[in-house]
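Going in written order, the chains are labelled A, B, C and D, and every chain counts its residues from 1.
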Amino acid sequence: MSAVCASVDDLRRQAKRYLPRMVFDFVDGGAEREITLRANTADFEPLRFAPRVLTDVSQVDLSTTLLGEQLALPLLIAPMGLCGLVRPEGELALARAARAAGIPFVLSTAASHSLEAVMDAAAGNLWFQLYIFRDREFARSLLQRARAAGYRALVVTVDLTRGGKREKDIHNGFTVPPRFTRRTALDLLRHPAWLWRMAPHRGLTLGNLVGWGGQDSNVIALSTFMNTQIDPSISWADLDWLRAEWDLPLLVKGILHPDDARQAVAAGADGIIVSNHGGRQLDGAPSTISALAGVVDAVSTSADVILDSGVRSGADILKALALGARACMIGKAALYGLGAGGQGGVERVLAILRQELDVAMALTGNHRASAVRSDTLKP
Amino acid sequence: MSAVCASVDDLRRQAKRYLPRMVFDFVDGGAEREITLRANTADFEPLRFAPRVLTDVSQVDLSTTLLGEQLALPLLIAPMGLCGLVRPEGELALARAARAAGIPFVLSTAASHSLEAVMDAAAGNLWFQLYIFRDREFARSLLQRARAAGYRALVVTVDLTRGGKREKDIHNGFTVPPRFTRRTALDLLRHPAWLWRMAPHRGLTLGNLVGWGGQDSNVIALSTFMNTQIDPSISWADLDWLRAEWDLPLLVKGILHPDDARQAVAAGADGIIVSNHGGRQLDGAPSTISALAGVVDAVSTSADVILDSGVRSGADILKALALGARACMIGKAALYGLGAGGQGGVERVLAILRQELDVAMALTGNHRASAVRSDTLKP
Amino acid sequence: MSAVCASVDDLRRQAKRYLPRMVFDFVDGGAEREITLRANTADFEPLRFAPRVLTDVSQVDLSTTLLGEQLALPLLIAPMGLCGLVRPEGELALARAARAAGIPFVLSTAASHSLEAVMDAAAGNLWFQLYIFRDREFARSLLQRARAAGYRALVVTVDLTRGGKREKDIHNGFTVPPRFTRRTALDLLRHPAWLWRMAPHRGLTLGNLVGWGGQDSNVIALSTFMNTQIDPSISWADLDWLRAEWDLPLLVKGILHPDDARQAVAAGADGIIVSNHGGRQLDGAPSTISALAGVVDAVSTSADVILDSGVRSGADILKALALGARACMIGKAALYGLGAGGQGGVERVLAILRQELDVAMALTGNHRASAVRSDTLKP
Amino acid sequence: MSAVCASVDDLRRQAKRYLPRMVFDFVDGGAEREITLRANTADFEPLRFAPRVLTDVSQVDLSTTLLGEQLALPLLIAPMGLCGLVRPEGELALARAARAAGIPFVLSTAASHSLEAVMDAAAGNLWFQLYIFRDREFARSLLQRARAAGYRALVVTVDLTRGGKREKDIHNGFTVPPRFTRRTALDLLRHPAWLWRMAPHRGLTLGNLVGWGGQDSNVIALSTFMNTQIDPSISWADLDWLRAEWDLPLLVKGILHPDDARQAVAAGADGIIVSNHGGRQLDGAPSTISALAGVVDAVSTSADVILDSGVRSGADILKALALGARACMIGKAALYGLGAGGQGGVERVLAILRQELDVAMALTGNHRASAVRSDTLKP
């Protein structure tokens, strides 16, 4: 990781150099034409601050509370699958960096390390993300394991009733099962640092799913099986079931419509995560920052609203807070850090965002991240 | 056709490699500065979905009814002239692929294969497209042939009262009669696969017009003659005449104005095809997706409205359905498939669109293509 | 001039190859950052037609009347200085091409050929353009010469109270007096066809100004002197004076504001030419197509309104007519033709525009250029 | 400085060639993603004039009054730090060029030359810019020195409560302390003219700060110390203190919000400088031209409003005046001139702006820079 990494975009560039193209594209790409992927970041740009001056910003408090817990930053690391492909330590590094920064890490069902291993490595504010599989008993067993291991909140993802088509993955042969070609081989050989680090860890797997459905720990077999378990029939009744199964905070991830947010809160959700799955599912979905205000208007008095997708800078975070988000989630940004420098890279990303958020708050005249003025943005 | 063709755009790229430039540009180009051509696809992009979640999308029904018949997809293949230039089998391949997919194929008056030959090859849901020539008796004879052969609906094209100026064709010498140059020859020689397939089929012709006006089957002579038969005087009275001549479903293609749609329906049209001839006629015409809602408001209670031009993905189809179209027509997209892989390429295109439409419907919470929610798009 | 010149843009490209860069840039460039120059053409593009069908367009009448005279096309060739630099025949070729096409040519005060020579060469519908110089007696003498020679209308240009800064001319050393450098010499040597044609015509001059102020016919001396004669003090009183001096139709060129148009008509102007001097004077002036409707609303019932600047296609002309212009003027487009092929090139430009206008009118359902429907454009 | 420098953009290009990349980027760059930097210039472009003609513009008066003093142009040179890096003479050249042009120069606290040296070199209309440091006594001593030396007005900068992150500086190693690398060395060696001029002036310092805090005159030590003195606690109470300390005109620089402008005027400010620190502080701040009208509406009847940031042409100045600014400040534009040609380069910049402003005023029908018509811009 170079000394001149001044921004998340710099870390993205460095991760791009480090990772084989097929892995980078898997991390960085979106569905179909990537209209939504681009909009997720682009739609922040036209938003403009309405800065206030001479307000004494010697004390700017970046901490906030979320679902009753204290966060050092209004930020979480999003659940992402197979982070072990980027660096073998994968989710362990993300969890440790999050703990060091005083923010939650949300572990994906499809993580490369098991939820128990991650809790062992970094017993911080860990949350668990769940897909409601066709095999409800297995889903229930995951809940019990998460509860037992000390996970503090549950995030249920509801926007995966079909697999989004990531065309770069298809072009790269990065599919389940993978397609090996000369181009693929060349791609790997051109990234020896990555190969060198991965070599001793051939046992890449989906840690939470080992043994499920009689599969062994082979990552391809498990992924294939998991894909068959994606359940398109999930409905509001399943949320009720989940609410009954899980007595700690419950958040619904993948909501963009105010009416869905209202219904989720009515069903007992404690938080709403405005997300389009990082632009990886429905191409043509609105950017999350453009959908945020509608959801906030609908439910922010009774639930915490978190903005996922598109956050690349502290100014982005402040814009989301000004529009009513309680906190933001970063996914790709964290993986850029992981690729660029392992746990240290993730910590660098968090440090950059922290500093940028502090600057943006000070220069707009905001004193507390937990109470950003709604007139922080120009109308 | 490569294994990594994941999208219609991929097939377009592959067709571009396969076809001589003059043929590809003939397929792909538009009139004058191509303002309308570009708008046809570009105007879909800013439309954004308003996705709904947790609605149980295990059953998504892509079928619909159109003019009383069942379609497996809300899709048709548009009428196009001289498809035999792309692959010798031309319209035969299009018709077969359409039949296999359970959707109608509309055969052009200017097809390279005769309407009888196409019906012989693929007796599916075939429609016939008619230009009202100066020689009305010949037009009438085409109707009688189409009726006799079993064509189920008639599409009359009304936006060809002048020939649109396709500047790429002029630049390439791809005119009637053609202009042969060293560059042209080189272009052909650089595409040996195309040449090899075309060589045994030197007898390219306009199958429906053979013998007309005393012309032999020479494609250049026939095209020249047909151009002189384009009738700029066509008027609403001709639509009345046609309605009297044809007792099966009648659709008017080339309408963009709500008042014209109303008048066509009043004259007995069963369907309106919102089309700007794929951006090949009037440069400066509105994109069809931007003209759709006006026409739907005017006539959708009494006629089926079909959107032509610009469709390149399943998400595009869903956007058109959300704006009130009953189905979409693809023209260029089908020819990209034909160029990339013959009938198999067309089938690939249809499979891609089917899968994309299924994903887009599931992820927006739509269950039936015949009843897409009008609030599927963000206001 | 190549056979594949299908559009004005094609002729522009060909003129660019033929002309030394300094001459092409003089023709093609605009003031300062060329914001207005670009807007002049770009602002046509977002305007969209609202096409009507089945209206019998076998008869489309492109002729119109302007100031009581019949024009074969709603088009004029604009006054431009020093056309002899493009081709030695310069204004003679423009006038002949205009006469052949049945449209007026407006001769500039700063023409390379004298008004008498132009009338001798092409006694068509010729108009004369006047700058009101500090030396009013000389201006008066020009009027008398124009009247005597048979010029039918007078165009007074009012937007030259300062010289616009054409940065390309400065960069190229194309200034008065010119700056000769090695780069300039190279530029000329790279365009031998132009040099060859210009060589026998070293006597380039400003035909109307020869002898004025004691200057000889040397073009540089005359240009320098003319620049000192630009009068920034011109005011509405001068228009009154001119109205009294000239008893044939009088038009004011360079108006963009409705109130100025009203005042000009009140002062006796018969026509208003909405112009920003082809983007060559005030950078930041609105494009003419964006200023047109305001002027039309103000004066079209009492004066003919002509749109200058930015017209490159027949569709552009139709858009201007739909917004209330009686006719359009082309400047650069005519010079592209002149550069590409002399008089034949200008005729090609006019033929292209004629054909494009015919197509656009037919395909929008317009039958007479003198009565274009105001709902031809989408609202 | 080349003869063909026709615009500020030309001088920018020339400065870019002359200066080491790290110095040019320091001058030219902005904070973070440079959204605000780009908007500062880009937001002028869509503004369009509403030109008036025939108003007799033989007399166009570019002078104005500002805070009771006469200015030859509605223009000031903005305070900038470390101009000695561009050329050793730095602020001396800026001050002399400003005096020659009859406009004020505002000397930065962080200037390379001391305020006394600048007054000695160019005793024109000099203003002093102050940062309110933690060490208030030192700030007070600066005021006393400025008062004693004859500075006529005080500009207090309020938008530096944090240091903006200039990523180009970090990439270039141009930080405090600097980071020397092979790339840096190469950069310097590639710009021998700059090195040659700088070599005899190794003693680059911050002239106003020499001796402060016990530091010697070493520029790096002083810059490091100054950074620790940036006071984030400044508040409206400090403005009261300053108003009491300084009895000449007082302006507040860095205001974008109408309410802040109102409060500053209520606290005794004589002028408001609408500024976002040249896009170098808060990325995402509105462009100044977009924030101008709001501030003008709030305070222009009781204070002079000056627009800073983004001005690159005379047309830009006129647009700002039309929106109610009393004058504009140039920062980067002046440094481009300084880099391109020392004092002569700055004078060239001012001459270009003067001429462009004269042309824009004449061609819009404006006669006095002190009373630009508010309807000079199209609504």
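Following the convention adopted for this analysis, contacts are C-beta pairs under 8 Å (C-beta built on N, C-alpha and C of every residue); 3 or more make two chains touch, one makes a residue touch a chain.
Note that this is a predicted model, so its numbers are computed, not measured.
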Each chain counted as touching chain A and chain B at once
none
How would the chain B/chain C interface be labelled, same or different, where same requires over half of its residue numbers to be shared?
different
Cα superposition of chain A onto chain D: how big is the rotation, rounded to the nearest 5°?
90
Can you compute the centre-to-centre distance for chain C and chain D, using the mean CA position of each chain? Integer Å is fine.
43
Suppose each chain is reduced to the average of its Cα coordinates; what separation in Å results between chain A and chain C?
60
Among the residues of chain A, pick out those that touch two or more other chains and give their numbers.
none
Counting only contacts in the complex, chain A reaches chain D at residues 3-4, 6-7, 9-10, 45, 47-58, 313, 315, 318-319, 355-356, 358-360, 362-364, 378
What does chain C use to touch chain D in their complex?
32-33, 35, 158-159, 161-165, 167, 170-171, 173, 179, 231-236, 238-239, 254-257, 259-260, 263, 276, 281-286, 290
